[in-house]
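All remarks here apply to the structure that follows.
Letters A, B, C and D name the chains as they come in the text, with residue numbers starting at 1 for each one.
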């Protein structure tokens, strides 16, 4: 019997190892698997490479993971968000490596990693500093840069509902990087607001087919990053 | 750019842009002033607004207290969705952008050069945190790239230049510039002024512009 | 006001021109826009290049379009289906050009055409006759072939429901090539079993976002190819 | 291959394959004999069957009269969908295949060579209509490529050969071959027989095989 359900975030992320490459879903707060990230902070894995659109905000979630010096490198399109304090400090002190990738190139590199496409050409960034040192090719009179697929050891994503097979649906713009990150990791771990019975999700509306998900864990009432940031909370909680 | 004392206000600039977007257009709005444009779409036009984080059909800002932080725009501000909207993931969203399906993107800028080069993501300062987001994809893929910005920096330095000194977002990508002082088309002949703000004359505009203007 | 609804297949396909490149959805019968194809036969455009997974069956739909000598070239993964009679005859007589493409490469070339990716590398077909003459590249110790995007002047697809904006949902395995073909054409024409009001389709379950569709036409009770083939029907109908 | 008079029947071959597929596997079944395997999954195992035309979770064949011709498999035969199934488009389906997400694909073959080369899409005859479908993607992307076929052609010509004479589907892609006479692993040392059908001895098998076998 297939049962990908884990009881707690702690159990779901237990085997993440030092030096792992981890994709983390979310566009800002929407879709960010904050409980999985907090469990990862508790677990202690370090020397991580993180692939994520942003670099976190305040002192919770992804920002807290960075603040605890667990991340040696981040591959990211926009590490400069409102209330982003941790990343700028680390970056200016040379304590974290940044690979800056245009957002669409980031998305496509991740999808290609999941789709068995090792490299592709894109017009994005041609003629800019982000294309420097990369192969440029002329196709039908236009110039393109060669970009390589991204893959990960683990993906941590947040979805809305899931089942024991690993089927997922998302909620509004929380979908963002989730579906493609599920495709691109050896082990995808999804936190969902609700686990439903197999068969409850209409086969026509499933966004992430179960084959792309290895673990599902229910977090019924996930924390809201903007609330925690406005309260200046820090993880781990210190009361 | 909090206050503009001469020329058009931000709201007037947004109105000018909105009037130039035909019925039925698909439009991506950048962060900041471009977001205002959604408020000035003329009555009777349906313009479908795309936000690159996965929604086609951005609606008006939510009433205070009704915000849903899982329904946000590229600037990470709460939004609403119109009837007929749809959600999708990032690779599909940038397929729309890169694949040439959007009609307009309206972006802010640090500098625009006379051949339409755009610099809007980095000042190149070593202390600046580099962050590019979707700008480089938008300028490559969207059919018409419009810039909306103040004509000069606060200290009066021209932002419309012969050659950008800041790192580029794209080469020869901008087709029209809306500033507080004028509307300028990027043409193969050069920068052509198609409208002056009330009270602005040609000499004043040229003096605030590093690149040569055609009137 | 946006209104992409056309009254009849005839009006929806009226401007298809001689020499056009047309993607036609469907995997066998499922998802094949048979009424749009029949309207195209009536309309008379010729010298067409067709991109489609199969080459039709019996003497209706795509097979009938071929039989009427409207197609100079077909780009296809599997032109040899049960009850496929027209294509084999044309092919053996040298009356049609065939570009045979592995199914996954065909799908990816179409998606890339819609996504602004001009070319990509894939492991598929390396070491086989279908990779002959193509660029081979070694990436991380494995060999890949360079494949180019496909685009079209028109795509003809069949969906289940659509609205006047052009949003589409599909029905079961009739989905197949529809969503990616919608992306890859200048003008996508979708026949749907039902046109619904804008807002009736849940934003979370729309499969093809309206931006990819230019025309929608309702065909409430589409013909079933397998029935027509079993009855040995030929289009145009001759009674 | 309509009747097999010695060795295993088609149903027995399908049972052998089905027994070798662990609980929880994701499996793509080719057209023809491979389709039988779905009927022989041992009780208590959940095996999720993928069909490349856009369904994960193929169920048993529909009862006569209940066929839905919008719900078909890669062989274009009506099927059903299990609870927990999902539909998707072709690019996503082949992302599953090419991206290495499927555990097994079971394919028919014209020829398999001693290093695992597969020929199963064309006889190379000029009168043959070339048709490749998803085979070349499956052999490149799926973790384990199993072949199920008759050991020889009807006229007794070996199908397990030193070097394929038919056009290839993929180079060194097959890991195991199930025939009516034996189960054979493709190893770095060569073709290793791991099971003989009842009544088949080593000599008989080697005589019907062009490539050298290891017992």
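Basically, contacts are C-beta pairs under 8 Å (C-beta built on N, C-alpha and C of every residue); 3 or more make two chains touch, one makes a residue touch a chain.
It should be emphasised that the depicted structure is a prediction, and the values quoted were computed from it without experimental measurement.
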- Chain pair showing more contacts of the two, C-D and B-C: C-D
- Message: From the mean C-alpha coordinate of chain B to that of chain D, what's the distance rounded to whole Å?
- Response: 55
- Item | CA centroid of chain C to CA centroid of chain D, Å | 28
- Whole-Å gap separating chain A and chain D, where each centre is the average of the chain's CA atoms: 36
- Residues of chain C that touch two or more other chains: which are they? 108, 111, 115-117, 122-123, 170-172, 204
- Message: For chain D, give me the residues that contact two or more of the other chains.
- Response: 55, 81, 87-88, 91, 94, 97-98, 140-141
- Task: Using the contact definition from the top, classify how the chains connect: line, ring, star, complete or other.
- Result: other
- Which pairs of chains touch one another in this structure? A-B, A-C, A-D, B-C, C-D
- Which residues of chain B touch chain A in their complex? 51-55, 68-72, 76, 81, 87-91, 93-94, 97-98, 122, 127, 129-137, 140-141, 167-171
- Can you name the residues of chain A that touch chain C in the complex? 108, 112, 115-123, 137, 139-140, 142, 144, 148, 169-172, 202, 204-205
- In the complex, chain C touches chain B at residues 1-2, 111, 113-117, 163, 165, 167, 183, 198-199, 201, 203-204, 206, 209-212
- Residue ranges of chain C touching chain D (in the complex, touch as defined): 27-31, 53, 77-82, 87-88, 91-92, 98, 100-108, 110-111, 122-130, 170-180, 207, 224-226
- Any idea which chain D residues touch chain A in the complex? 23-24, 26, 44, 46, 48, 50, 55-57, 81, 83-88, 91-92, 94-102, 140-141
